[in-house]
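You will see subunit A twice below: alongside subunit B first, and alongside subunit C after that.
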Partner chain A sequence: MSRAYVTGNHAAGHALAAAGEANRRARGCCGGAYPITPQTEIIEYLMAHAFARGSVVPVESEHSAMGVCIGAALAGARAFTASSANGLLYMMENVFAAGYYRLPVVMVVSNRTLGPPWNIWADQGDSLALRDAPWLQFYCDSHQDLVDTILVAFRIAEDLRVLLPAIVAQDGFLLSHTQMVVDLPEQELVDGYLPPLDLPHHLDFGRPRMYGGMTWPRDTQRQRADIQAAMDRVPEVLDEALDDFERSFGRRPVSAFSAEQTGDADIVVVACNTLAETAREVVRARRAAGERVGLVRVKLFRPFLRQALVDAVGPASRVAVLDRNHSPGSGGIFWNEIATSLRSRPDVVLQDYIVGLGGSDVAPAVIDGIIRDVGTRDTAADPIFITEAVA
Partner chain B sequence: MNVTGVEEEVHSHTEHALWRAGNGACAGCGMSLGLQWVDQALDGEKPTMVVPACCAVVTPGSYPTTAFGVPAVATTFASSPSVATGVSRVRQMNGEDIPTICWAGDGGTYDIGLATISGAAERNEDIIYICYDNEIYGNTGGQRSSATLPGARTSTTPAGKHEPKKDIMAVLVAHRIPYAATLSLAHRDDFLRKIRVARRLRGFRFMVMLSPCPAGWKSDPAEGIDLVRAAVGCGLFPLYEVFDGRRYRINARPDGTALEDYLSRQGRFRTPSFDHAATRAAIAEQWAYLDAMEAAFPAGPREGSDVPAAPPPPPIAPEANGPVTGP
Partner chain C sequence: MIEIVVHGRGGRGGVTLAKLIAGMYFRRGSYVQAFGVYGAERSGAPVQAYVRVDTEEITAHLPITEPDHIVVIDPSLITAAVASGLRAGGWLVLNSPLEPAAFAQTFPGCCVATLDANAIASANGLGSPALPIVNTTMLGAAARLFGLHVADVEGALDDVGLKGGNPAAARAAYDSVLTAAMPGKVVRVAPQLPPRSLGFLDDGVGGLPTIHTGQWASRRPHSRELAAVCSEACPAGNDVRGFLQAAARGDYDAALSLILETSPFPGICGRVCPAPCMAGCNRAQLDEAVNVREVERAVAGRGRLPEPGKPRRAERVAVVGSGPAGLSAAYHLGRLGYGVTVFEADPESGGLLRRGIPAYRLPRDILDREVDFVLRHGVDIETGHPVDRAELARLRRRYAAVFVATGLQGTPSLELGGACNGAVLQGLDFLERACRGEASVAGDSLVVVGGGNTAMDAARTALRLGARDVRVVYRRTRDEMPAIAEEVDEALEEGVELRELEAPVRICEAATGPTLVCRRMRLGKPDGSGRRRPVPVEGDEALVELPCDRLLLALGQSPDVSVLPKGAEIRGCRIAGEKEDAPLFVGGDLATGEGTVAAAVGSGRLAAARIHALLDGSETEEPQPHELAGPDVIALDRFPKTAQHKSAMLAVDERRRTFLEVRRGFVDEEGEDATAAEAARCLSCGACNECETCVAYCPEGVVCPAGGHRYLFDYEYCKGCGLCAAQCPRGVIVMEDCAEEVCT
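Right, the complex of A and B next:
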């Protein structure tokens, strides 16, 4: 391990490059690169990297960046890219396509507010807008988590039981542009962890096939059911990937959720990314003051493991969801998922708080106020907007 | 009309032909014939086809069958050059010399895919890009594209289109790509030669083929080849090629065919807004431009030969090497 004091984007660039390099023993790696704040340093890192067998293409748009990933993956290469915000929406058509082709592309997202109005700060509405795409989605809360999860994501995405692309997200600026000391895994270890990619349906002249041609409804239904079945196999594959990760690197990244002090909690806060980091501090302080408060950090958003979420929440009777995103006319996107998961717990008061939109600061005092608020509720209200001015 | 010859017909029906029998293209579809000629020009070599949404995605048939006898990727509408970039880069880094061919309609080329093709051309990706230009969105039932001729009726220009046809060759030539050429289904030797020339070159090679579309042109399916011959003969569709975006060669000059000969056999031009004088003026202007470019920047004598230059230079049949002077 080499310990380095680097930004989230640098860490992500390192992990993508190491994963790509690991496939030099097979058909190499390839991806498309297009800049957008706050992920630009990732694609710059990749463009500067000298791959033994790899090619990163500085394309003219995000739509083409994913197009290159699709072509490269079909030709048998390990494929990756990175994007944010409007870049993701511009790419969206090919994001869905990559999943429908069942290509194990890995994309790092530095979460950023969708515009206009233009705003470069953290907001998870961009990657969450892709929630109905056939992609896995991981949300990371530290630089180390980001590096480790990128490697795990390739393992799972390329596993024949899954064969779906994966997004690994970090909060723009809050992680992408801050520095932490990180273990940047050496190439040898990554080589050991990521086997050479052998895509079963790569372009093959011995077996000419048409990829993505016309289908009738019945075959499309089957394709969608296959994708759901692949999603359903993610938990077992994830467990194995984490076991193996621990053996290779000596540490174990968080799985789908982390349950922190929820075993005896009355109130549980559910949060992800750096919101969970801040919430963790608040929960610790509350605990120190003798209150039974816990935290569930959401790491894996797609597939959303409903029973695992219920288990993580534990016996609490009040749950506060922090959503740094907003689905107009509905509410928080995490809240919607959690509400569906907690159908079996009608006793729980589940309250949604929409916080930190457009990158506005979510200070510990805000979360403190939320915990106080949910503690007073006997029934849930509609999602509550917390604005910086009010907080 | 037998335009391909018996040998080629047998070839096109073999299981591993690029474009096999049993496809669902309309009778008289130019795209269908064009694909078979590409196959013949490649002399048995099998390319990877990258095809955006267009008739060439629908007509191969539905899963689990396909008329493509080689690997074919159906991409999103604007993406054939970017997907082909990925395919071709990976092939190159693995030392594989297999042509990657984009086969796209005018909608995917002139309109929605223009930024993507410009990007791939500017990067000089190792791709052969062929646009079959039927001057209409055939697949969605016949709407205008920026390749539609002014005055032509489409479902979105019911009274005839107002705007001129985009000069896609000029757009691509301006990228200074190694090779750009127009393809005619009425000039088979010229067609096959150009595909072979493109195959031997490296980098981004662009070709545009005028593609009869009886459904969109409101024309007799049996007349497609004749219509293309008339389009070339009257000067509306010039046959030429440009090397490195700089050196021009005209392959066939107008032969006195009347413009009417082309227009009158297609229902799409029967609109009150069709302006014959303006069309003739546009043709004359186009030829003045091409003549001037060829005179000022002529292609070298050996450029465009479909026979490898060295070593040793084999004898070259004049009709295969020199300019084609009409059917």
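Right, the complex of A and C next:
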């Protein structure tokens, strides 16, 4: 391991490059490159990297960047890219295509607010707009988590039991542009962790065939069912991947969820990304003050492992969800998932709080206020927007 | 945990400074975090960057509100609010040329450190002349105050590849930062919050607050006009840059009008001028000088001459001599409304232009046309009217003023012994006779002594008149010859032999005829003219014999002042004299000895202006010294290299036989106006020509065309980034400090 002092974007670039490099013994790697703040440094890092077997292709749009990934992955290469916000929306058609083609592309998303109005700061609305795409989605809370999860994502995505692409998300600027200390894995260890990619349906001159042609409705129904089945196999593959990761690198990244002091908690706060880091400080302070408060951090959003969530929340009777995203007319997107998961727990008061949209800072005092608020509720209200006035 | 806030301006390195500060601690094994506040209005905006240093892993991601130290890298940000939240005993590190005590009122109770980072960064070449980048300089000061060492600074800089001026500036800052504790109690000041956005629908779409970003500027762009090297070098005073730019637009009428402001002789100068403008042309440092002389000639041929005005003043002025100086003075006096009479001793006008410059260099129709143009300005000419001292005195009683420009008359002779005097002739006399068709040298072998234009003209004229061979003997080398280089080239092409480093000693009669005996010379130390002095080589073996039929002497000329009043004292261009007589002015070679048509034109124009000032009682505008647009202010690398358009030349064998003009002027290629294309090679050094590079590069859209080669900068929104100044290819835009208001 080499201890480095880099930005989140450079850490992500390092992990993508190392993963791509690891496939040099097979069909190499390929990246589709198009810049957008706040992920541009990832693309810059990859463009500057000299791959032993592979290349990064600069193109004219995000749509084409994913097109490059689709073509490269179909050819059997390890494919990757990065994007943010409106770039991701522009890419969207091909994002779905990559998943439906069952191509294990890994894309880092530096979360950024969708515009207009123009806003470059952190907000998960961009990757969550791909909620219904056939992609895995991981949300990271630190540079180390980001680096490790990128490697784990390749491992799961390329597993023949899964064969689906994966998004690994970080908060724009809060991680992407913050320079911090991180252990960057050495190539040798990554080589050992990521086996050569052997895509079963890669392009083969010896075996000509057609991809993505017209099918009957029933075939599509079956294809979707296959994808669901693949999603259902993610937990077992994830466990194996994390076990192997721990053996290879000596540390274990967080799985689908992490639970902190929820075993005896009355109130549990659910959050993700750096929001979870701030919430952790508050929870610890409340614990120190003798209150039974716990924290669940959501890391894996797709597939959303409902039973694991229920287990993580534990016996608490009040759950406050912090959503840095918003589905107009409904509420927080995480809250929706959690509500579905907690159907077996009608006793729980589940309250949604929409905070930090457009990258606004969520101070510990805000989370403190939320914990006080949920503690007074006997029934849940509609999702609550936390504006400056409330805070 | 140590928490540090950096206050800077977007795009000026504040975030990098935070990263470098954290980098120093990282090298010491600490956990660190550094990040900036990023905004939509980046360049020049007040921005903050944050540093956290800890012994444990850092999980906080919020901005720092109660820092242990504060670093302010832009002097314009030093206000009481900048110290908001500073913990007791923490350093407030300021980029300021002032001593810490100057901030006692602003930051009571604080520990203040100051350094003149702008000066240190500039001295170390950091940033651009438009905008110094001071972050690495501030790093040195910060390291000193935070108890770190120079090695930490150098290591952190080296880790990110910052070398050269960066570590040097940081070391200088480390050594020079001043510190003091301010008296009094700390005053808590609320932080300055950015203005609130408007509701999305409140003002239509967008909702951003109006920010007068000009308030962020510490420097502002200004337009200026620098003097062009070419125009400054022109002895006639032509606005060379101006007429080239007009010609580049294909506006030959405007180009001609501009030349006619200063010189009536574009067709003449466009042929015979040694073109000092081209010698100084900045373009020569890129590829080749702009071919100014040929463009001027083409403009003279293509522009329409304006209709002269009529005399409108009662006073008449007499001009003695119709050479270029006299005619120039007459022309400018005519333009000023005076009636002018020119007195010329020769039967024809033009002086040396007609007598001394052969037709193959200056066709007579060109000469006649431009002399005629002068005469159309209310100028009469009396040819065959010599003026001596007595006649001059009479003229001074009849005219309001008299200008004497009789040029050079005296011709030095050489003591070559008494033999063969019939074979020796003055070069100018030869040219004059040739001009009248009275010179015959057919079949002769000639030697011409001298290295100036007259020597070249005599040699080439002799060839055209059928001389068997022509040798030019010169006591220095080609490099020292005063003749126009192209004329020497052309003479050699035509078959003239150049004998360098030989000086005539005597002429003697040999059996075969006259023989010129020369002595070999070598070059010694430079003399008063700056050229290396020829030194004779001793001994008989250094003597060379040159048999010849004729010897032409072209050794320069001297002024004949016998026309001037006895004891006349030349003061500038004025002759001091009796008050009752009309003022007397002199000019041209008689006064200056410059020896070029352009200098004579300039001298005549200056005299006309002085005469006008005297008669009109107005002030003459003394020429102000200009700041020159030298190659240092021109971004030569922004311009593509292009070849100079050359004049077409008459074939050499035809040149030997006829007096047809040798230089034929530009030849237009298919679809290209060669004159405009060559003029367009002019870089317009130091003068805006509306290239709009500034408009294209301005990230704020605050450079606004105002017409007439003027651009206005909207200082309300100009952030002073300096891009326009850095990108201006011709040195027109400069950055200047805003009015200093450091302490508020």
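To be clear about the criterion, the second predicted complex is superposed on the first by the 389 of 391 C-alpha atoms of A that agree within 3 Å, B and C clash if a C-alpha of one lies under 4 Å from a C-alpha of the other, contacts with A are read in each partner's own complex, and residues count from 1 in each chain.
Here is the rule we go by: a residue touches a chain if its C-beta (ideal position, glycine included) is under 8 Å from a C-beta of that chain, and two chains touch if they have at least 3 such contacts.
Small disclaimer: the values here were computed from a predicted structure and weren't measured.
Superposition of the two structures on subunit A leaves subunit B and subunit C fitting side by side, clash-free.
Applying the stated contact rule after C-alpha superposition, one finds that A:Q137 touches neither subunit B nor subunit C.
Shared-chain residue A:F173: touches subunit C; no touch with subunit B.
Touch criterion not met for A:T81: it reaches neither subunit B nor subunit C. Contacts of A:A363 after superposition: subunit C is touched, whereas subunit B is not reached. Put simply, more of the residues of subunit A are touched by B, taking subunit B and subunit C as the two choices.
By the touch criterion defined above, A:M214 reaches subunit B but does not reach subunit C. Touch criterion not met for A:S127: it reaches neither subunit B nor subunit C. By the document's definition of touching, neither partner reaches A:Q39: not subunit B, not subunit C.
Superposition on the common chain A brings subunit B within a closest Cα-Cα distance of 13 Å of subunit C.
Subunit A meets subunit C in the complex at residues 5, 38, 116-121, 142, 171, 173-175, 177-181, 274, 277-278, 280-281, 361, 363.
On subunit A, the positions that touch subunit B within their shared complex are 27-28, 30, 32, 53-55, 57-61, 63-77, 79, 93-94, 97, 203-205, 208-216, 219. On the subunit C side of its complex with subunit A, the touching residues are 19, 22-23, 26, 31-36, 38, 40, 57-63, 197, 200, 205-208. On the subunit B side of its complex with subunit A, the touching residues are 16, 46, 48, 50, 57-58, 60-64, 66, 68-76, 78-79, 81-94, 98, 115-116, 118-119, 122-123.
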